[in-house]
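Shared chain: chain A. Partners: chain B in the first complex, chain C in the second.
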Partner chain A sequence: MIQLVFLLFAAVAAGAAINVLIQKHVLYSALSLILMLTAMSILFIFLRAEFLAMIQIIVYAGAIMVLFVFVIMLLNLPADEDGVDQLRWLKFIGIPLGLFFLFFVLATLWNVEAPPASGTALNGSPRAIGESLFTDYLLPFEVTSLLILIALVGAVVFAKKDL
Partner chain B sequence: MIPINWYLILSAVLFLIGVLGFFTKRNVIALLLSLEIMLNAVNLTFVAFSTQHRQISGQVFVFFVLVVAASEAAVGLALVIAMFRNRESLNVDRSNLLKW
Partner chain C sequence: MIEYLTSYDFIVLMIKIIIIFGGVMGALAYLTWIERKLMARVQMRPGPTRVGPFGLLQPLADGLKFLFKEDVIPTNANTFLYIAAPIVSLVPALMSFSIIPFGPSLQVTDLNVGLLFIFAITSLGVYGIVLGGWASNSKYPLMGAIRSSAQMISYELSLTLSVVGVLMIANTLSLAQLVASQQDTWFGFLPRWNIFLQPVAFIIYVCSAVAETNRLPFDLAESEQELVAGWHTEYSSLKFAMFMLAEYANMVTVSALATVMFLGGWSGPLFGPFWLRAGLPTLWFVLKISIFIFFYVLLRSTIPRFRYDQLMKFGWKVLLPLSLANILVTSFIVAIS
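Then we have the complex of A and B:
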């Protein structure tokens, strides 16, 4: 039963990701990606990572994708502006090669035997992640804040009209 | 219980879709969206192994990947705005000023 639900949401995620590629207008691609992120957060719940599932929806679908949609609507893009695609022939080589690669990855992953899980069951509660974040990963956490500051300044500098 | 193989297979499929999009699309925003697909595929692998090995570190790493994705989206979209303002097009084939 739970395998069926997993397969359903995996199919939704993969289908939405393919839909991102085949849509002509990039706005529909962005909306399809939001669907993929939502299906992915449900898979996180299957893995007992509840905090990350919530974060996935709030930060990814709620903040990052809204930023994408905002910029797409701000620029008011035409439906498709592709003239002559200079790399058109790459599709006919790249897609078969990609499927070939995928076939070997799947063949390997299908046969691998996962070792039985040991230790106590993990819960991905905010408490567990917070404890790890503020003890073992305190330095990366602080460096992250520096990264966000740099990204903030960089985004303002790039988007400013004349500086 | 769902075996970890299924998550890894889904992750490989999603990552390949992202790579295909990155190499076939010509729109800069579509390239950034493909990048987000790839980051999500990697996130799924991290969480799957975190659950399998009963260690919280994988989930903390997903947190950091998320922060990097947010920074990348902010800077990337600012670059997209600057690019659109300068050449009225988001086609990456047209921004070939540095191409020999």
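Then we have the complex of A and C:
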């Protein structure tokens, strides 16, 4: 039963991801991406990472993608027309690079060991994540915060040329 | 699977879902009556009186009217998204009721990330408004949708941050445990509710919640004087009713969340025989929610609308710094005590 539900959402995620690429209209691509992120967050729940699942929806589907959709609607971009493919040479680089990447992913998956079934090691509760963030991973956490702060200041500087 | 279907737990779960869903849907229908009646009284009008005693059957009449009205889809609208938008807005609004504790045992399920679940689900509701406005292919709905998305992103920040103080005190994200942490009293008479510990957070939460649900004085997305009806200008019939229902459902959700976090949820004095003891917590919960609903309706009928730049300034320059300061002060006190 649980396998069936997993397969359903995995299929939705994969289908939506493909749909992001093949849609002609930018808005449909963005909406497919939202569907993909939501389906992915349900897959996270299967991995007992409820916190990650919720954060995925709040941050990506609920905030970042709203901004994407906002910008697309504001610009009101028309759908791409057929035959106007200015980046034709991209596929000659893209296909080999994609295959290369796929090879690495498969090679990694081949060598990975199954995680312990009863997961104290894979505890995804908010408490466990908070504790590890503020003890073991304190430095990366703070450095990331600083990075985001710099990006924020940079965005303000770009937006307001005459401060 | 078959064993689970016939098991006792499953039947209990189904009964809970039916009670909560039926109760919520009935309450939502009668919210329209309460709102119209109360607003009419504030403005010295009688309000609905014709259908049934005190106009009590008005929601039924309205529902039937919505059912039989012609369903118009504009010619140049994007049909798929136009039909999808009301569904996208209603489904998340109703999903959040699955984890709200209406009583000690009247809760469909309790998640250890319950509060985050509600924030995640309600943050998806904005797509209904945005898509509806865009798919109508008309200028007023588009204006409303753009305003609404900017407004909801801005106020979601202070809404979420205002809750952090409560979480630090209660030390949990589960709604049932949040209620359980507010059971006792201080000095024997003052209930142990978080509103007394976090008054600033409570005010920030109520302000941002009004903005999140697109109600007056923050209803820039559908301001009648400028945008006809904003993002649902082109909608009619049942699709319009679904948008309305979603708005009322969101109102009840934010009120229920405020009750759970600040007013002790279903806690209250228990007395009388056992059947009264079983029913009283739910009654207290509904009463506490009604206070917020009453407040919302009074707000709508008395306060004029904000200007758009005032709205943005209020969100980013008043509520956001205030909620950050609240987190700072609360974490300092929690750390030293």
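Quick note on the criterion: the second predicted complex is superposed on the first by the 116 of 163 C-alpha atoms of A that agree within 3 Å, B and C clash if a C-alpha of one lies under 4 Å from a C-alpha of the other, contacts with A are read in each partner's own complex, and residues count from 1 in each chain.
We take it that a contact is a pair of C-beta atoms (placed from the backbone, for glycine too) under 8 Å apart; a residue touches a chain by one contact, two chains touch by 3 or more.
Source: prediction; values computed, not measured.
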For A:Leu67, decide between first (touching chain B), second (touching chain C), both and neither. both
Quick one: is A:Glu50 in contact with chain B, with chain C, with both, or with neither? Answer first, second, both or neither. second
As a test of reading the superposition: which chain, chain B or chain C, is in touch with more residues of chain A? B
Using the superposition on chain A described above, determine whether A:Met40 touches chain B (first), chain C (second), both, or neither. first
Looking at A:Ile58, would you say it contacts chain B, chain C, both, or neither? Reply first, second, both or neither. second
Just chain B (first), just chain C (second), both, or neither: which does A:Ser132 touch? first
What is the contact status of A:Ile148 with respect to chain B (first) and chain C (second): first, second, both, or neither? first
For A:Leu97, select first, second, both or neither according to whether it touches chain B, chain C, the two together, or no partner. neither
With the two complexes superposed on chain A, say which partner A:Val20 touches: chain B (first), chain C (second), both, or neither. first
Overlap of the chain B and chain C interfaces on chain A comprises residues 51, 55, 63, 67, 74
In the complex, the residues of chain A that touch chain B are 2-3, 6, 10, 13-14, 17-18, 20-21, 26, 29-30, 33, 36-37, 40, 43-44, 46-49, 51-52, 55-56, 59-60, 63-64, 67-68, 71-72, 74-75, 77, 81-83, 85-87, 90-91, 94-95, 98, 101-102, 105-106, 109-110, 112, 114, 117-122, 124, 128-129, 132-133, 136-137, 140, 144, 147-148, 150-152, 154-159, 161
Listed in rising order, the residues of chain B that touch chain A in the complex are 1-10, 12-14, 16-21, 23-27, 29-30, 32-34, 36-37, 40, 43-44, 47-48, 50-57, 59-60, 62-64, 66-75, 77-82, 84-85, 89-91, 93
So in the complex, which bits of chain A are touching chain C? 1, 27, 31, 34, 38, 41, 50-51, 53-55, 57-58, 61-63, 66-67, 69-70, 73-74, 125-126
Show which residues of chain C lie in contact with chain A when the two form their complex. 1, 111-113, 116-117, 119-121, 123-124, 126-127, 130-131, 133-134, 142, 145-146, 149-150, 152-153, 156, 160, 173
